[in-house]
Each structure stands twice: as structure tokens, then as C-alpha cells.
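Let me give you the structure first, and then I'll get to my questions.
Per-chain numbering from 1; labels A, B, C and D assigned in written order.
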């Protein structure tokens, strides 16, 4: 018996880069969604997480898989603002859309990061065609396993939900 | 329309290492099969092909995916015989089964390598649950893509053939 | 016949990090000096230049070799200011002193970068015990060659100048 | 006070590859000598030791530094004989001379390996212009440090011995 899954929490973005049309998970229903949560001054994000997200972006069909970055800043706020992020995305040639996670109250964790219960960055989230969160990896995950996980979600029919839970 | 696939040619092995029960593709029907064709003195096989095969072996369930090496020697025969291969497998800690491809006539390409039309080593072959050859990669193939290809085959029902060809 | 060398231009720093006592090349005379010119949002600096400078810092005796970073910002000024740099140095655990190159006039190249005629970042400069500039590498330089170049300078007597130029 | 050094033991080779004129340490006196002791089926030799020796061979002037491999087989003798070694050197494009260490008595450690007291492979030995053994590294040694060590020996005058020992 497989553990039941749940609809992925909504993305709360204050700004988007690399796209003219901000995305919502609702609008992406029917495609597999990959969220790469990162901070631009997080070494593991720069060396592993973001290059891996770029590989995903370049490997799969856009009709099947939608990749976007989520800039979830929870430290060094003054050094990782939108102006800094824009320069970073340019220098590192990040080509996929990037959302800026809405700041939390009183300098706490940002809103989307909190909704997903992320422990830090980088965190990679996989959402199925049915809009349910299906996997969440904090830190390094091997390409071979990740490629398999993404394809397992691609292979699912868009309308049949793999969990026994009623759709909310 | 997808190109029709065909049953994978039979493996012609003169010897097996790392297993007490030699495998046949017929006996493996129902599982995805990964063949890593290599030569022990092929630098690309040692640095990329075999480590990748080991990662596949360690990532997927044995019930779903069966990985084996195929030592297809077409040069330096005197340096890559069974005694040498045994030492190589020990030193490089290759844990999956390895078949020795049957020598061709008059020192030509070995039998299985010829049947598969391989251009050299390393070559990675993917066989579906239905026993059909589904992909064949000569040289480097990225882990992300390979993980996806393997999972696409795992996700197929064992008995429904994806091609329009009658099963032979 | 070896090309004559010249005294290295002075460092024009507006701020230092990771040290309480700003350095001058005059005060460092007698030691080999390694300057790693970088920008915090320059991918090649982050992946190669700065890790190499850290290896130099950790490999040689501080009595023989003094390593410091020079943050020579010539683009994305608003994203690479002192506050951002401080966060960067913390996250990337840069342990050697880092000087902030004095801004050029009208947003042009910074002062020290101009004096050294640097073409971009990363640039690594080697200065001999005699205070003369002895090598300047733009982009990647192999560790083996760099280790040899540094040791060649360490092996020189501090007071004998290798060039035929009068000391200024 | 530096520890006294000693003349490097003689090389006992039964065969040479990649050269028409076998070398002796006596004949190489005046140059720095780098010995890369390896076995062709030793994974660490293949992935690190031999590529590093190739980098040394390609980085320094042949007038200053003489690099050669020493095939010191102490296991899997039947798989690492001269015929196998020849194929290996061809496939891995080893360009520097390689000596085959003389077999020890009763299948024990080979002669030169024993004389140098090597613990295993890969082992890298550095010999100064004076013919004295100056460093011996078992396992991994970083390029930066190694480049410095080699240059320190290059910088020494050929005729002045750095040790206080009388030359034997």
C-alpha cells in the first residue's frame, strides 16, 4: 500500500524572473512540476542544486515537465534581494523561471518554504500531474534516481490520482 | 507513432563471473534488463560505463531491473582473457554478473556484439519487460536521461507490448 | 635572458575582510604574495579561482607565502557591495584576507585592477620576495604548474633581485 | 636542521616500454627524477597516479625532470604480465617510459619496490639532481604540493648536495 499523497501547497511568490507569465500550480496541473528551492549564496545550491535543475530543464520535454526555481531566502536577506538575484541569474545563465518566495513575518522563514516544511536549501520538490506533492529532497539527490522519479511521474495518467484520498 | 521494436538478440556467453546461475534473456522476461558491454582495458568503460552500471545496480530493485556486464573483447585478446578479467573484476569491485561474450570467427568481433550491431565499447543496452530491445547507447549517456529511460521501461506492464509487432 | 620584472603596483583597497591589519605590498616584502582577484558573482571565480587560492593558503607556510583576495568589481556593482561580499565570504568559508578594490571613476574598472592591467576575473598574480610582479594568470591555471611557480619564488633569496632593473 | 638524505636505490628493471634506451639513476644524475610506481589493475593508479604522472611529464622541461613509470606487480601476476601491460599502455596513451620491476623471489614483492620500502601502489618517488631520494608518497598527493616539491628540487644546484652526508 502506498502512502497517500496530498495536493502541493500553493506557491506564494512576490516576483518572477525569466518569465513573463507567473505560474501557479493550478495552471500547471497535468504536467510534472519540479521546484528547485535555493538561495543564491548557498554553496550547495550553486554547485549541485541549480546545475541539476538545469539538466532537468534541458532533458525533458516542456510539455511533460515544468522546472522552476524558488528563491527562498532565510538568511543574509540584505545580500540576496531581487537586484542581487537578477545579477546572479544572469551570471550563472539560469534559463528556467525563478520565483521569489514571499518573505515571512518578522524575518522568519519565507512563506512557501514554511508551507512545504523545508529544512533548508537546496530542496527539490516533485509534483505529479495530479498536483500532488510526490517527493521532496533536502540536499544532494543522485541524477540516476531523480531521473527515474521524474519519469515515474511522467508515466502516470494525468487524471488518475495515485492516492486513495479524495481531491480537495 | 512509435517505431516498432524487436526482441533482443540472445546472449552468447562462454563464461559467467559473479553468479552461479548464468542468465538468459528468456529467463529474465518480465524484468527490465541493462547490458553494459565493455572491455577491461577500455578507458571510457573503466571511468564511466562500469561505474554507471554499478549505480544502476545499486539504485533499482533487483525485482525490476537486472544489470549485467558483457565482456565483448575485440582487441588485445591476449591481455583481456578470463584470468585477466577475473583480477580486474576483483580489483574494481564489480558486484553484478558479467558474461564473457563468445569469440567471433577468425578473431573478428565477438558473437553477441555482432548480433547487437555494437560499434564499440562501452555500449549500454536497455531491454524492456517484454524482452524487446528498447535503447542502445554507444559512449556516454547522462545519468538523468538514463534513469528516466529505465523507469519508463519499469513503468510498462510486463505483458502489454509497446510495439505493434507480433511477439515472436 | 629573462625579461626584466618590475615592482608590483600598489594595492588600493577601500576595505579589508578577514583581517584586522590591512596589508601593503611594502610591508609584505620578503614573502611571496599571491593575489586572487575575483568577483563574488563570477562563476569561474567561485568554482575554480577561490578554491585554488584556499588550497594555496592551506599548503604553504604563512611565513613564505601570503595569500589574499582582491574583490575587483567591474559589473553588477549594486549586487556585489560590501554587505553582499561579507555574506558571501561567510557562506563560502573564505579564510584568507580579502581587500575591496577601490572603485574606478565613473563606474569604470576599479583602481588596482586597472594598475595591473587585468583582463577580467579570476586573475591570479604572483609577486616575488623582492616585491616584483612575476606572473599574472587570467582564467584557469593548473595546480601543478602553479605550485611550481610559487615554489620557484619561495626558493629565491629575499634580497637578490632577479631582474636587472634598479629597485625603486 | 634537515634530515640527511641518501642516494636513491638502483632501479632493477627486466624490461622497458616507450623508450629505446633504458635509463639508470646514475645516467639521470643532474636531473630531477619522478618515479610513478603502479600496477595496471590498481584503480587508484589508473584514476589518479598515472594521470598525475602524465601531467608532470607534460608540465616540466625534459631537461629538468625525467618521469618514468615503474610497474611493480605484487598481485595478480598472471593478469599483469608484459603483454597485458603493453596493451594497457597503448589504450591509456601513457607516453613516458615505463620499467617493469624485477620479480621478487618466490612470488614476493618485486626487487625495486622492496629496495624502496614501498607500501603499495601508487607510490610516487622524487629524486633530486644529486641522485638522493627526497620524497616518497604512497597514495594521493595533491598537485599543488607536488608541483612545489618538484620545483624545490629543480631549483637546487646540481652539484651541491643538500644533505650533510658524504656521497657514497
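Please note the rule applied: contacts are C-beta pairs under 8 Å (C-beta built on N, C-alpha and C of every residue); 3 or more make two chains touch, one makes a residue touch a chain.
None of these values were measured; they are calculated from a predicted model.
Enquirer: Could you classify the subunit A-subunit B contact as same or different, where same means more than half of all interface residue numbers appear on both copies?
Expert: same
Enquirer: From the centre of subunit D, which chain's CA centre is farthest?
Expert: Chain A.
Enquirer: Please work out the Cα centroid separation of subunit A and subunit C, and write it as a whole number of Å.
Expert: 39
Enquirer: Measuring from the mean C-alpha position of subunit A to the mean C-alpha position of subunit B, what distance in angstrom results?
Expert: Their C-alpha centroids are separated by 35 Å.
Enquirer: At what distance in angstrom does the C-alpha mean of subunit D lie from that of subunit A?
Expert: About 52 Å, centre to centre.
Enquirer: Using the touch rule from the top of the page, what residues of subunit A touch 2 or more other chains?
Expert: Not one residue of subunit A touches more than one other chain, so the list is empty.
Enquirer: Answer with line, ring, star, complete or other to describe the graph linking chains that touch.
Expert: ring
Enquirer: Under the stated contact criterion, what part of subunit D meets subunit C in this complex?
Expert: My answer: residues 52, 55-56, 59-60, 142-152, 154-155.
Enquirer: Which of the residues in subunit B end up touching subunit D in this complex?
Expert: Per the touch definition, subunit B meets subunit D at residues 41-43, 46-47, 76, 78-80, 83-84, 86-88, 90-92.
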